[in-house]
Amino acid sequence: MSSASTISSICFEQGCWFKRERMIRVSDKRVKRLASPSSLSFRVSANSSVKSEKDIRIGLLGASGYTGAEIVRLLANHPHFGVTLMTADRKAGQSMESVFPHLRAQKLPRLISVKDADFSTVDAVFCCLPHGTTQEIIKGLPTALKIVDLSADFRLRDISEYEEWYGQPHQAVELQKEVVYGLTELSREDIKKARLVANPGCYPTSIQLPLVPLLKANLIKHENIIIDAKSGVSGAGRGAKEANLYSEIAEGISSYGVTRHRHVPEIEQGLSDVAQSKVTVSFTPHLMPMIRGMQSTIYVEMASGITTKNLYQQLRTSYEDEEFVKVLDEGAVPRTHNVRGSNYCFMNVFPDRIPGRAIIISVIDNLVKGASGQALQNLNIMLGFPETTGLLHQPVFP
Amino acid sequence: MSSASTISSICFEQGCWFKRERMIRVSDKRVKRLASPSSLSFRVSANSSVKSEKDIRIGLLGASGYTGAEIVRLLANHPHFGVTLMTADRKAGQSMESVFPHLRAQKLPRLISVKDADFSTVDAVFCCLPHGTTQEIIKGLPTALKIVDLSADFRLRDISEYEEWYGQPHQAVELQKEVVYGLTELSREDIKKARLVANPGCYPTSIQLPLVPLLKANLIKHENIIIDAKSGVSGAGRGAKEANLYSEIAEGISSYGVTRHRHVPEIEQGLSDVAQSKVTVSFTPHLMPMIRGMQSTIYVEMASGITTKNLYQQLRTSYEDEEFVKVLDEGAVPRTHNVRGSNYCFMNVFPDRIPGRAIIISVIDNLVKGASGQALQNLNIMLGFPETTGLLHQPVFP
Amino acid sequence: MSSASTISSICFEQGCWFKRERMIRVSDKRVKRLASPSSLSFRVSANSSVKSEKDIRIGLLGASGYTGAEIVRLLANHPHFGVTLMTADRKAGQSMESVFPHLRAQKLPRLISVKDADFSTVDAVFCCLPHGTTQEIIKGLPTALKIVDLSADFRLRDISEYEEWYGQPHQAVELQKEVVYGLTELSREDIKKARLVANPGCYPTSIQLPLVPLLKANLIKHENIIIDAKSGVSGAGRGAKEANLYSEIAEGISSYGVTRHRHVPEIEQGLSDVAQSKVTVSFTPHLMPMIRGMQSTIYVEMASGITTKNLYQQLRTSYEDEEFVKVLDEGAVPRTHNVRGSNYCFMNVFPDRIPGRAIIISVIDNLVKGASGQALQNLNIMLGFPETTGLLHQPVFP
Amino acid sequence: MSSASTISSICFEQGCWFKRERMIRVSDKRVKRLASPSSLSFRVSANSSVKSEKDIRIGLLGASGYTGAEIVRLLANHPHFGVTLMTADRKAGQSMESVFPHLRAQKLPRLISVKDADFSTVDAVFCCLPHGTTQEIIKGLPTALKIVDLSADFRLRDISEYEEWYGQPHQAVELQKEVVYGLTELSREDIKKARLVANPGCYPTSIQLPLVPLLKANLIKHENIIIDAKSGVSGAGRGAKEANLYSEIAEGISSYGVTRHRHVPEIEQGLSDVAQSKVTVSFTPHLMPMIRGMQSTIYVEMASGITTKNLYQQLRTSYEDEEFVKVLDEGAVPRTHNVRGSNYCFMNVFPDRIPGRAIIISVIDNLVKGASGQALQNLNIMLGFPETTGLLHQPVFP
């Protein structure tokens, strides 16, 4: 213990410690951030008690889905966050290993029903519950908790829009007002102060990251933004549906929810905010025969006099200090293969044959930067840790 | 002999026989079209001499590639066309079975070098040679042969455009003038009279089939046609390239040849012809982790006052009598899975969120309607057979 | 109609019609076998009434599963069998196109509930219902019908064994006595006379085809037959199960039902019959990330003094006249890719490093030779048609 | 050299080293091992000089293949090992990012030719060169270097056997004598003292891990060990070969190198050593349509009186303290999905239907525990670091 704090203080005095990582201030008593020796090493807490190992106690609601499992995977190597509470109503009583055998090497609490959860024992919560059920549950959580919600339930500021797209009235109208939309690179300052972060959808993440800086800089027109998006199947979750069977998905592709996908209002909200006028996009998602990965191919009209070089330069500048957003070298094509399993977003800009137009391509892993990775990035910030903590897994290729 | 012609005459007299299949006239002596009994059954000629079995003798140049093999597969059940000559320079001397074991049940001639081929022994030729090498070879073929060329070498009417995109001067300028571009449904009458047909590329087929009728009817604008196309890997052929290894392709997607794909001039030629003015398209192909299949998602601006209903109705009308082009029921999404292994093109039209725009989706199997199937469809027509002959394989799903 | 019978008689008088196909005798009045003109061409009956088109009227029970769809695909090009009745209880009232859009080009009857089916309007039935439900239903069918049952319900002669493995008493004990087990190549003579054929399972087909001739000839020992089998996922059907989701299956493999798979008693029944003593096998199935295809890798001990050459020669001899079973050239490895979509079984024998042992590999498409293809092969025989009718589709590769 | 051995000896003197990351003290200047703050955090060295960042300088020979890239991926999060030298003859002059774009976030040296490498600047070397070329090169390396060779060139103790299977005489006979075969869990003590470790092949790793303890305990017979192994395609490397194209591999499986695979002598060497008599195995590898993953399904005869329970108990005991080898709960089937991207080996034992026999299943990721991960595990040990350092990535699922 003392050794660790010694290291810490040395490092901070020397001003060298977390070079590119923001300063950490811990006001909350629960967040002791001891940087205890064991927490500094990159390892799994298989041999010791769950409770004592790491300093921040994490509750995970909805642990039996893919995003829940992905958070557990990422936290395995997080030096400070330890999962001490896991809920999964339909699998209550089971071990996580029986639901996700790949997590067998980790020491994890048994799954319980959310109604049996004691939230006084955790410091923060990832909420991976389905859309529509989340507002009620989060409304009931202790206000001292930091919460990152991965569902869509708090993403839309306009509660009437929520009702329109999700077919039911918003259940937590008051709470909605304090929500911070957690597209990390674009809202970092607000996230620092947030108690409840609505984690963005995967499509909106891959689309807003390139478009927001370009709209903000007035480099592209607000009209006729056409987004042809492609996603791996894991985005559809682990529910047993005929449409997602291997035999139905492999070796073929198809569009779905053409013009009616629920991510549309979220995308338009983000673009309209920065454009300062209502932006209506053409958005066509396609289901790909792959587990992970998402590409948005975006066709835009450039503002008068603007070239793809200007767009490229803007994106380079916007993201030059970012660990997780990489604007590739000119001409290099982003491929989903190259971000698989990681929190990176790769993007690039290409000239179109049609004069005045440009093509923007961005790729992410839908389960990481498009869900659980960004959620962890946000919670790191909310709790005063370097945002890259536990997230520097490199992409798995091939 | 007599039995077969008897059948034919009975049938035609009754006017019922080949209901939707066009009249057959056989002027060429070589093309006897005997419809001998054995040729009428749906079977493989495994036990009898290749030469005697079927009445039209087919030469296949470049038999060791995927499109060559696919032609052999389709001809296995063609009652009139029998492959009697196969060339494959690098595999000369081998049996087709050793190159493509799945064709083992068929009786096929041994592969020879193209320079050793005796073209006086065949009635028609499918040319599956690589781009750039084909012009010279076809120039040297006997003029009595019917030829369908699957390469890009004769697709561009404008030979300077050929030179620009393929980096070498056209080697058969005179021949180019008599070439008929073989998008079957759109050029059927010309194909009937053709001696040399340039078989369309896969992307151009999937794109022109929906767009040509709409442009012809002035239902869509010529500007800002944006094509986001997705293809299976078999389109890249059987050449050993790192980029096409399983480990590089599976579980991920990527764009390639952004705005510079060689199918662009072919697409623009076709659209410009019908639009009667130069059409420049935005065309971005994507490589998908699947063997077969191609989808073009096309974003268009409609002409003033036109609705997606008008577009839909036009396509329904244009293709109502076609066996191989199906406009799906309203709202039904075409999926590549549903045309796999078959000569069908499925398409549909969808409203866009952006007013005045529409989304068109068309799917084909790139190796069948996008290559070998359409080639056979064309040769059937050139030789006076019902164009569906040997092509009514239903899609293989799942 | 009259035209059709004219043709038939012409053809049969000439005695030339189906060269390599066995003679056809039609005793049953229901089986008119008109060979109407339309049935002679290789095409889909899209434009005419279902009832009048083909001479044998087929009922398909359980049409909404993969094996049902596969039968429809195969029958599309069958000159004599036309589907006129289709049941699917949970999809009753829907069109087949809405359940399987790839079959859209065919004219098919609407799906009805089995209880609403009028079996007096059909000549033969394919039964693709789930295990356990089939005995009752088949018991209730008119005895004039020819029936091929693709479920496991009638495969086990020993009804106590059925009860042991399927956990419920046999519901049609009397009927079981007249059942013929339909491994076509091994039971052809019995199938000719059968009214009710139990179509073999996919694993038993791929295993018995190589092993039965070797056991019969006493070339291998009865002990220690070890079968490591690999199957594509389509064998698990279209039911929505978490375990068969794309994200659970792709990019990985796993064994299942180790030593307890329900195909075990069927395999052992077949081998014991020919061995004339109880054979107990080691059988481990593995689930592969592929839709179609099945490989059995079989490890055997040879009888004293026997070599792999003897085994090879025996298999060559056994199958030399078979269209659908191919013993490859020495050393050539059977690959599932090379039988995909077809009714072929490819096999071969290899020496083992351990003296006295041999390795046998056989591959099939589990949905064709392993299910619907063999079912059609059987019904062809039962109704006096050449067994290859409608089955000579060549494998789809790549 | 001295640095490394110093570390080692210090550590061993204390006798406490590896329980799971014991204290580290370092005397060598290069090897400052300060546990400097930056090195303790789990992050990528993107912004600082490669040389100064980490204390152990790693050379990577053959960096342009999959195993080379995998080592780079794993080292990204290794607190002590930094890659400072990378060779790739055919890609010399290129950046690693241009060869493997997924590694773009890391700061890496430029690729150079092996002949231009200055080995005095590194402390240890991973050698990922092709079989047959490696002996010469390693022979020429400074003797002070610690080396882990991932090729097969030093795996066979018997140099005549090497010549027999690889078709060329051994080029470094003297060196062979000091080689330690690096199956970590089974040779940990020898690896600690080794200078040159021959990293095991992927198949031999997945096979020896379960079989060696069982043979050592005399629980299984030496005869008739039958191994049906299944591998993902990445094991074949990144070389452009027709056989490994996506279109040739996807959606199908096949055996290869039946009884003649080059891993046979390595497997038999390991089993014979522990059996203390020559063991000859039946070994049939199969190529699976997946990138990563390997399963060995092993059929064994148990010693007299032994049950599968005994086998299970033996394996549990043998591996109870191991981080990377997990014997699953009884009845749980190991799946390759559940170790993907990780250094884990999952295994289990099942009863066979045939009395006296058992079935053993083990799964690994062929690129991690089967290659680069185990190589890192070995180098960690050779240099006195906790063997799990940098290796506790959890499996990526789905």
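As written, the chain order gives the labels A, B, C and D, with residue 1 at the start of each chain.
Convention: contacts are C-beta pairs under 8 Å (C-beta built on N, C-alpha and C of every residue); 3 or more make two chains touch, one makes a residue touch a chain.
Everything numeric in this text was worked out from a predicted model, so none of it was measured.
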item: Of A-D and B-D, pair with higher C-beta contact tally; value: A-D
item: Most distant chain from chain D by Cα centroid; value: B
item: Chain centre separation (chain B, chain D; CA means) in Å; value: 48
item: Chain A-chain B separation of Cα centroids, rounded to whole Å; value: 44
item: Between chain A and chain D, centroid-to-centroid distance (C-alpha), Å; value: 33
item: Chain D, residues touching no fewer than two other chains; value: 66, 234, 238, 247-248, 250-251, 289-292, 335, 337-338, 340, 398
item: Contacting residues of chain B [partner chain C, same complex]; value: 3, 6-7, 10-11, 14, 16-20, 37-38, 40-44, 46-48, 66, 69, 72-73, 76-77, 79, 100-106, 234, 238, 250-251, 291-292, 323, 326, 328, 332, 335, 337-342, 344, 346, 386, 388-390, 392-398
item: Residues on chain A engaged by chain C in the complex (per definition of touch); value: 66, 233-234, 238-242, 244-251, 289-291
item: Of chain B, residues touching chain A in the complex; value: 223-224, 226, 228, 230, 232, 247-248, 250-256, 258-259, 264, 280-284, 286, 288-293, 295, 297, 299, 333-338, 340, 350-354, 357, 359, 361, 398
